[in-house]
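Same chain, two partners: chain A is paired with chain B first, then with chain C.
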Partner chain A sequence: MTTIILIKSVEQEQTVREVLGSVIEQDEPVYFLRLPSVRCLGPLIQEINPMIQYNVDYSIGCLTEGDNVSELVQFAVEKNANRICVGISERTLTGKARIDDLTESILLHEKISGNLIVGEHVIILEDLAYD
Partner chain B sequence: MLRIEFQTPVAGITSKLFELELPIKSLEIDNALPVAGDSVFLFLTVRFDTEVTPEQFAGQLTDIELVEMQPTQVNSHTYYLGLITGFCHASILSLLTKNHAIPHRIVGKHAYLEIIASVRDWNHLKTVASAIENEHGSLELMGTTQTDSIGFPLGSNKIKQSVSGKLSDEQLELLETSYRMGYFRVPQEVTAAEIASELDISRSTLSERLRRVEHNFCELLFGPQE
Partner chain C sequence: MSSTNLTEADERRAEAKREKENVQKKRQRGEGIGWDGKTLREQLAELEDKTEATGRYNGLSKLSMKEEDAIRYEQLYSRIRGDLVAARETSKKVSATPIVEQEGELCYGLFTPEGDSIAVSTGIIVHVHTMSEAIKFMINHDYEESPGIEPGDIFINNDPHVGDVHPCDMMTIMPIFHEGELVAWAGGVTHVVDTGAIGPGSMNVSQASRFGDGAYYTARKIGEDFQLYNSWKKDYPAKTRTPNFLKLDERTRITGCLMIRRSVKELVDEYGVDTFKQISREAVEDGRRGFRKRIKKTMLPGTYRGVSFVDALYEGRKNLTREYANENHLMHAPSELHIREDGLFQVSFEGANKWGWHPFNCTPAAIQGGIWVLLTQTVIPNELVNDGAYYACDFHLPVGSWANTQNTETAHAYAWHFLVSAWAPLWQHLSRGYYARGFWEEINAGNANTSNWLQGGGIDQFDKLHAVNSFESACEGVGARYVEDGEPHAAAIWNPEGDMGDIEAWEKTEPLPFLGRTVKPNTGGPGRRAGGSGFESMRTVKDVSRWLLYEMGNGYMTSDGGLFGGYPAASGYVLNARDTDLKKRFENGEEYPQHDLDPESGEFESKIEGEITRRPEGISTPKEFDDYDLYLNYLRGGSGLGDPLERDPEDVLEDIHDGYVLPRHAEDAYGVIVRKLNDDAQHNSAVSGEFEVDTDATEKRRQEMVKERAEKAKPVSEWYDDERKRIINEEHLIEDVKKTYVSSMRMSDNFASFFRDFWDLPADFSFTLSEKTERSLTNRFDSGLRPKWDNFTRSHKTWLNFQDEPYVPYTWNEQSLKELSGPDESFGKNKTATDDD
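The block that comes next holds the complex of A and B.
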């Protein structure tokens, strides 16, 4: 199972910890894919220490400026990703996970489908299929 | 099952209502019942900018029959309306139900509808979103959560309907904010000062308003105080 964690901000420590701690199995490959607006993942990775604390093998990638969603889907197809995890940055007044423009574009993208699970700090798209 | 919250431009009857010469601040579809043929009974709570008479309102309607118009007890310029119109005009409701989504709340503000509905899963969400986008022009997803139960479908939350006529919008907002932030949990998850800050009121005002809400609740349950 290959998992992509989309990093929208370096303040997504809880999101990453939830994914590494309760979503993926040990030894599963993980890609930290950062948006171009996120300059550096160093401090976040150092704080979480995925290899030592969670025993996961990870790689880091970056989306370029432009159509992030198409690029993300292309990246997911290339890596044959089974899972994409998107952080929840805030909740609506009624307690629902707030969906930002990027997450909306992923959810409504015609070439990607699967199961949607809403966690505490992360929206998990899994059992992905690509058209 | 997923509970979704989204916005879409008004269409059909909601669009017609917002285009009336009597300006509407907000509306909520409380219930809908099918009538023989292709018509539907729609029950709405509508807040106008000014006081409106049934004659004034009915005089502006086309393709819509006004059956009932009653002012609410506590909110000024706000009325419960019963209307009959073609089911095709109840656009958002027909789109949701045709696509087997369960509507929970439909509120219209500033030419936009804010909707809470339940769908089976991600694929169902995409189907429903696509149908609404085609008919209404656009759709913006606001939030989602997972749920095991259907919850209260549109029109079935009788307690809330009863209470909404007895409490003002401000009181309901105060109550909902306090509830959502965990004020009524044991132990409390938020202090009165934090809620007061969220609502931009003083702590003493918050305390007074909460007591008024509690008083109105008691009145609703036990009748007027002797």
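The block that comes next holds the complex of A and C.
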């Protein structure tokens, strides 16, 4: 199982921890992808230490300026990813997760489909299938 | 500048411009300058995480290049290493000060993007790791964002808290790019002659805090497009007494870095960037494995313990910058080395005492770099020398101690004084391990205390403001080996290629003509194998005004104690004469002092009139000297190994003829009686005369000495009881000794428990201190921490106590020294060796 964690903010430590701690199995490959608006994942990786703490093998990359969603989907296809995880950045007044524009664009993308699962800090599109 | 050089410089700038455009494009896309679009900080974070998780550098389980084509691997690595050495040898001839050109006080390194050294040149290889820290500082403090790291940039650092031993080691660091990616860093260090401290010279000794150390340049960008900023060129020269010397050394470093950059570019062009990246990674991992392999092969697993001390006496000194610095210090360095079955090498200085208001404090980079100099020359001379060895070791350096002040107020100008002294037990730990495993050729009693440092400055013979720092200290005696005597006047531990330098070269740049230079007898420690002798230079002063000089080194104490019954090297002393009649003696053709071969003989005093200072201390603060004054520069010897009474009398006779031992000391130290046959000077020695051994008298004297020893000896239990009473009753304990132990006990509950337990003292035992001493300790303990790093790297966990359990275990109070350690401590709690180790 291959997982992509899309990072929209360096404040998403809880999102990453939830994915690494509860969603993926040990030794599964993980790709941390940051949006261009996030300049550096260094502090986040230094805080979490994914291999030391969660025993996961991972890579770090970035989505370039432009159509982030198309690039993300292309990346997912190349890696044959099984799930894409996006941190919850917006909530309703009652605390429920709100699908933000980015997540909505991924869900609506014509080349990708999967099951939507909402966690405490993360929205997961899993069992991905590609057209 | 020739047209050829102009062309090359222009090409370099054009290339940098193209590279910058690549970097700009990547930045616009949101990519970093690291590999595969990562930022450098991401790359460093990932590397540290994977290294610690797997125990292998960047998680590398296989050295593919080495395993699949070992010859090619060795060729490539040798080419990198050779180009670094070539850069050193060439650049010091292009432009350099005598310290650099004569002594070779420079070093170059090639580093991974994350700041790990891949290879280093010869020279002051302490900087195998200090530049690493400076690069990591820039990465971890987001220099990629501001001020930016771009092709053609030039950075400088001399801040010990960032990554240096002391501020006179100035480093130039340049990034090397390929198609918009930072593929490596080139770095070079030179020891400069003056940093603009409160006193002249590179390592002033009279300051209480960092604010007297001189200029600190904290990982600063000082140029772009391979050109120094005007602001930099206008900045630093006025901050030193020797602007032209600093400019020369800067050109040296830049020349070397450019040569290294060119070498890397050629290698990438020839073999491809992927090959270069691969060997960068594999070489570091190879270095780590080489270190582990060597430790496993040569050392016996277990815990090795020892301790060293050295003096830094300031009470009553003039010209101190603060009244509260007017006190004596003794460095206390309890040392514990754990060798694990898997080759893990862990060093702990738990119990080290508090830092002080003196310039001998250390930062972790200084300690780690310094210990690397030792280890590269003792443990891994035949393995790759790079940061792989750094990843094979752990250090515990107590926060707030002299070994890790974490306080930017502390002074560090001559960190080596404590550093060199503190690692003395490490020599002994290693040698005991080698002995146990039968590697007797590797055994060494330890290095000399690398002093005296002749330093000073004022208006020189050219009527210019100047400073001097004689590097004759790069040529000390070496400790005795198990199978051979130590080399006399050979090198300094911090620069294995050190040299005393040509007198003519020093006289060109220092207004201090030599009256003599000779081997100094009785400076190597006596032993079955004798420590290498030091040497001495008698200097006078000529054509100066308002000229200051001072001494720096160990005095009452010698930090290296000798090994297996060998004696320590001689300690230091100060000898100078002011307001002398030397000029008159020259004019009248009378005798004058050319040396001080036998300090107790009165010979020096008989050949000069004036205000003579001779005292058994190693440190003095700057004092004014005038024309025809005298200054003895005495460079120390190494310690001895084995019982001196076991030394072959014929070897002692040879020592006398070579000037290493005075005849009367042959009897005192070795029990060897010699007869003088004639006064002819037939040997290469300042001590003239032909001697022979009186075999019968020697045999008799040695038997007497053995008997005298037995009569003086007492059972350990009796000694223990006597010492315990002395401690409890505080008898014959000077205040400085009590202060040292109280300081260590306040620094470390572990040490306090051990000390009380070992001496069977009451649970609340502490020494009674004077009001002044209490004030001194409170003053420093209340200063708190002022760390330099905002973002520590993963590797710095051994710098700081930020985990509940100390990373390097402390076993002094788990097992009494009176008990033998059991196998569980070394074997039971640790993983077994793996194949790749």
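Criterion: the second predicted complex is superposed on the first by the 130 of 131 C-alpha atoms of A that agree within 3 Å, B and C clash if a C-alpha of one lies under 4 Å from a C-alpha of the other, contacts with A are read in each partner's own complex, and residues count from 1 in each chain.
Note that contacts are C-beta pairs under 8 Å (C-beta built on N, C-alpha and C of every residue); 3 or more make two chains touch, one makes a residue touch a chain.
Just so you know, these numbers come straight off a predicted model, no measurement behind them.
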Would you sort A:52 into first (chain B), second (chain C), both or neither based on which partner it touches?
-> second
Which of chain B and chain C A:62 touches, first, second, both or neither | second
Regarding the shared-chain residue A:95, is it in contact with chain B (first), chain C (second), both, or neither?
-> first
With the two structures laid over each other on chain A, which partner does A:116 touch: chain B (first), chain C (second), both, or neither?
-> first
Using the touch definition from the top, say if A:77 reaches chain B (first), chain C (second), both or neither.
-> neither
Looking at the overlay, what does A:43 touch: chain B (first), chain C (second), both, or neither?
-> second
Okay, in this complex, where on chain B does chain A touch?
-> 2-5, 116, 121-123, 125-126, 129-130, 140-146, 176-177, 180
Touching residues (chain side chain C, partner chain A) in the complex = 28-32, 36-46, 48-50, 52-54, 59, 139-140, 142, 144-145, 791, 793-794
Given the complex with chain B, which residues does chain A contribute to the contact?
-> 91-99, 103-104, 107-108, 110, 113-118, 123, 125
Interface residues, chain A side, partner chain C - complex | 34-37, 39-43, 45-46, 49-52, 55, 57-65
